[in-house]
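Okay, so chain A shows up in both of these, paired with chain B first and chain C after.
Right, the complex of A and B next:
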């Protein structure tokens, strides 16, 4: 009994020593901190590493973002295409909770596992695929809130992002269907097409800031954002982002009309719901990195009332704005063929990324 | 690149035996022994329509495509043998409901040829206008399907939105969105009033304006051009050899159009061109039809401008020259064609429609009605053009042909 109290006290010490300081909710926090046991919970939630990973810009707002972006993309596409889009669920707010309704429907729908599937992997992999999506969040700093601080955070984020296609290929393998197989192979090809220019573009930015530390990157962008310092890397990164998240015009692994949603063709129910949002989650992580590298990260107009929340909030707002602009490509472009996408990846994008490397080196010398 | 054969025993998948597939088992064995791969696209595949395509691929390259049509076969020719001539009018429209007026027109012209009915001038103009409206509607529909096959959803929605204008025009003239059965032996069912014609005239101008924005987002889109250019090429000789018809023949450089070669209705009194292209690839098959939309809208406008006053139903059929209502069955149900065979050629939206009515000269139902729809005629060319292309191009070529299984299966 004595031990438990001691451990709790010890934990409380750790949590409360490094808490988010938000003047707006300070009276409520102060009141809750006086209640025993509940104060540990509040301290944990406001503990900076926990807050960064689980609340903002981590898991909590990731879910909010998913609810928003699927609805927004459908609504924007509908507006471009002379339609109305989702409307019937909650008419007064223009169908804004359509995604939530779809999620609930997926949840109660039967998840069919077909006979040919490799059953354990088929069921596990949609859940396992979350691991490489969530790991980069540990290293993404947002102002003073950061999961694990390391001077190599940018490299680590890129490394974990590279794991996501492996889970998709594994999903296609476990589904053991012809279209899933073709989709997996296409995913593997596309992976090779974008990964090399993507990594070179990121390396050029690391050259530019002469550090893999996100804090240094944001600090060096205090005058000029990275997008203007190295516009070529900026372009390469955007195209690689479209390729990596299967957006049109590179919607090749999931081409509905050709291979019927590719690796995910056999999924149904909540498992389908999980794999469907995979690309959106990847887009979110890549855009967080994009914001840090090119758009000044979490720097923005400081609001004293928000205190430590300023950093995460600005990072999140910038990310969501960037994604909201990016989703319009869906209503503009048709799909490239696989060989055309590979050609783009291995010729023009590779050449551009090497140019970006040179620009990054030159500007990096000028900055330092 | 040298190919290395690996001696691994490969068994054809079980479903190739259990499903009904119109290819011999030896063919399947041969495919699997020669390192090829059979892919069944359809009939439930989102990019196949109501048919099955048996695709033999080596790697990503299509070696051969065997079509398995007939999933929407409705035995129209046999059904037509048990109905009165006028009861067949709604039936023969059904193969391609967007192209109803052209299908209707061919059948009616065969009857008129047999009975020597003189069609009034105004009726001819109305018929031409309807046929061209349906042609525009069909081309827009096919453009939309092509767009969605390429993953371009805006290119799918806009033509369907534009097609609503055509449907509205047909509603105002005939009372139905497509299968209107408006054309009858001796003319059309009803006269069209001035305000409707004015509306259609304005509609064609509005549509041309909106087609310009469609051109910006889809036709001139670099990704669309990359997907369609130099894909599924049919040379002039191949197109003639495989019997391709309609805009797809014209895209391969053959200047053949039934409306010019054997003019019917009032096509010889109007000024219009045949859009032709020499490349014969998917993109130009699409472009030819886009240009045809422009020509058709111009024809519709000319029809409205030049339309004379007068009867719309021949005086051989009914007393009232402006409306058949009340006298339709009295005057047309007992028509009996003289013994013989009557064949007409009609230029439908997707190509030449052949109607052949054989009558024994004494019964009030046809002895035999032969319908050859354009889809069936260009199916061979469609299959041949896919050889040597990539598997991802299958849908692009499919869309560029605007193949419509109900039309081909009849």
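Right, the complex of A and C next:
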């Protein structure tokens, strides 16, 4: 009994030593901290590493973002194409909880595993795919809140992002259907086409800031945002981001009209729900990195009432605004053929990224 | 051999077009030009000549059977109470509205109820009593929608007021006609016309006939009471010698 109390006290010490300081909810927190056992929970939630990973730029707002972006994308595309879009679920707010309704439906739908599938992999891989998607959140700092601080955070995020297509290719292989096969082969092709320019663009930004530390990157952008410091890397990053997340001009692996959602064609029920949001989560992570590298990260107008929440909030707002602008390309462009996309990736984008590398080196010398 | 050359594009022009597409998309996202009608809640205002549920005015009907005769789908059955009145079978009706157009008195009229639906086949057979007024329908719409079409502008105009379901009866295009006997000497005196006339406007009188002062005998002569005659033409169809016609009266 004594040990348990001691351990709890020890944990409470750790949590309360590094808490988010938010003046807006300070009275409530102070009141809750006086209640035994509840205070350790409050301290855990407001503990900076936990807050960063589970709540603000992490899982909590990721869920909110998913609910928002799927509806927003459908609605925006519908408006541009003179349709109405999702409407009948919650009509007064123009169908805003459509995604929630879809999610609940996926949850209770039967997840069919067809006979030809490699059963263990087929069921496991949608869940395994979340590991490389969610691990970068650990290393993405937002103001003073950061899961694990490391001076190599940008490199680590890029590394985990590079792992995601492997799970998608594996999903296509495990599904063992012709559409899934074509989809995973296309995914592999596209993967090589965008990954090289993407990594070179990120390396050019690391050259520019002469560090892989997100804090240094944000600090050096305090005067001029990275998008102006290295506009070529900015363009390459945006195009690579569209390719990596299968946005419409490069919707090649998932091409609805040709191969019916590619690698994910055989999934149903909650497994489909999981693999469907994979691209959106990847988009979220990539845009967080994009915001840190090019748009000044979490720096913004400081509101004293929010205290430590300023950083995560600004990062989140910038991310959502960038994604909201990006999804409009879906309603403008038609899909490229695989060979066209590969040509873009291996010629112009590669050339642009190498130019970005030179610009990054030159500006980096000028900045230091 | 024909060699296809690669299409040369001007990069500046390409960029301009990309920007144009993006600008158009942003414009549409902010203020879309969409012309969708959100149907049960908004309803399009149709012109009055659109063919809908047929409304019957019993006071105007002269029981002429013209609607039943002209119906190409055989959907109109005449029923007898007081007089012969049309009942419409909506399982057969093709909404050609020949009956409305052919009605000499305007007793049949269209209405703005365009989505006629029934629960059973039996309900679709409506007698004349049931079509004298517009059926009770639940109106879900809040707005009435109109398309404004200019040369290159397609716009939706939404109005708060609801459209009236009744349609003003059109002026009758069929001219007033009265029955008349064209060749009285060929009359058989069979009295079929007398029996069929719903208004009892025809009377047969016996008379003496003399031809070339040699042959004499008794014959029949028709007297049409023009006051009573409604010009329905039933006698014209009934006459075995086809000597009755309808004469146009007035303008």
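Assume the second predicted complex is superposed on the first by the 368 of 368 C-alpha atoms of A that agree within 3 Å, B and C clash if a C-alpha of one lies under 4 Å from a C-alpha of the other, contacts with A are read in each partner's own complex, and residues count from 1 in each chain.
As a convention for this text, a residue touches a chain if its C-beta (ideal position, glycine included) is under 8 Å from a C-beta of that chain, and two chains touch if they have at least 3 such contacts.
Just so it is clear, the model here is predicted, and its values are computed rather than measured.
Enquirer: When the two structures are overlaid on chain A, which partner does A:5 contact: first (chain B), second (chain C), both, or neither?
Expert: Touch status of A:5: no partner.
Enquirer: Scan A:223 for contacts with chain B and chain C and give back first, second, both or neither.
Expert: neither
Enquirer: Going by the contact rule set out at the top, does A:301 touch chain B (first), chain C (second), both, or neither?
Expert: A:301: touches no partner chain.
Enquirer: According to the contact criterion defined above, which of chain B and chain C contacts more residues of chain A?
Expert: On the superposition, B touches more of the residues of chain A.
Enquirer: Under the stated touch criterion, which partner chain does A:248 make contact with: chain B (first), chain C (second), both, or neither?
Expert: Only chain B is touched by A:248; chain C is not.
Enquirer: Have a look at where A:178 lands relative to chain B and chain C in the superposition and call it first, second, both or neither.
Expert: first
Enquirer: Name the contact category of A:337: first (chain B only), second (chain C only), both, or neither.
Expert: Only chain B; A:337 stays clear of chain C.
Enquirer: Which partner does A:93 contact after superposing on A: first (chain B), second (chain C), both, neither?
Expert: A:93 sits against neither chain B nor chain C.
Enquirer: So, does A:37 touch the first partner chain B, the second partner chain C, both, or neither?
Expert: In the superposed model, A:37 contacts neither chain B nor chain C.
Enquirer: Check whether A:256 is in contact with chain B, with chain C, with both or with neither, and answer first, second, both or neither.
Expert: In the superposed model, A:256 contacts chain B only, not chain C.
Enquirer: For chain A, give the residues common to its interface with chain B and its interface with chain C.
Expert: Of chain A, residues 80, 82-83, 331-333 contact chain B in one complex and chain C in the other.
Enquirer: Which bits of chain C are touching chain A when the two form their complex?
Expert: 21-22, 25-26, 28-29, 32-36, 38
Enquirer: What residues of chain A sit close enough to touch chain B in their complex?
Expert: Interface residues on chain A, with respect to chain B: 77, 80-83, 178, 182, 248-249, 251-252, 255-258, 260, 330-340.
Enquirer: So in the complex, which bits of chain A are touching chain C?
Expert: That would be residues 76, 79-80, 82-84, 87, 328, 331-333 of chain A.
Enquirer: Can you name the residues of chain B that touch chain A in the complex?
Expert: Residue list for chain B touching chain A: 39, 45-47, 60, 147-158, 161, 217-218, 221, 223-224, 226-227, 390-395.
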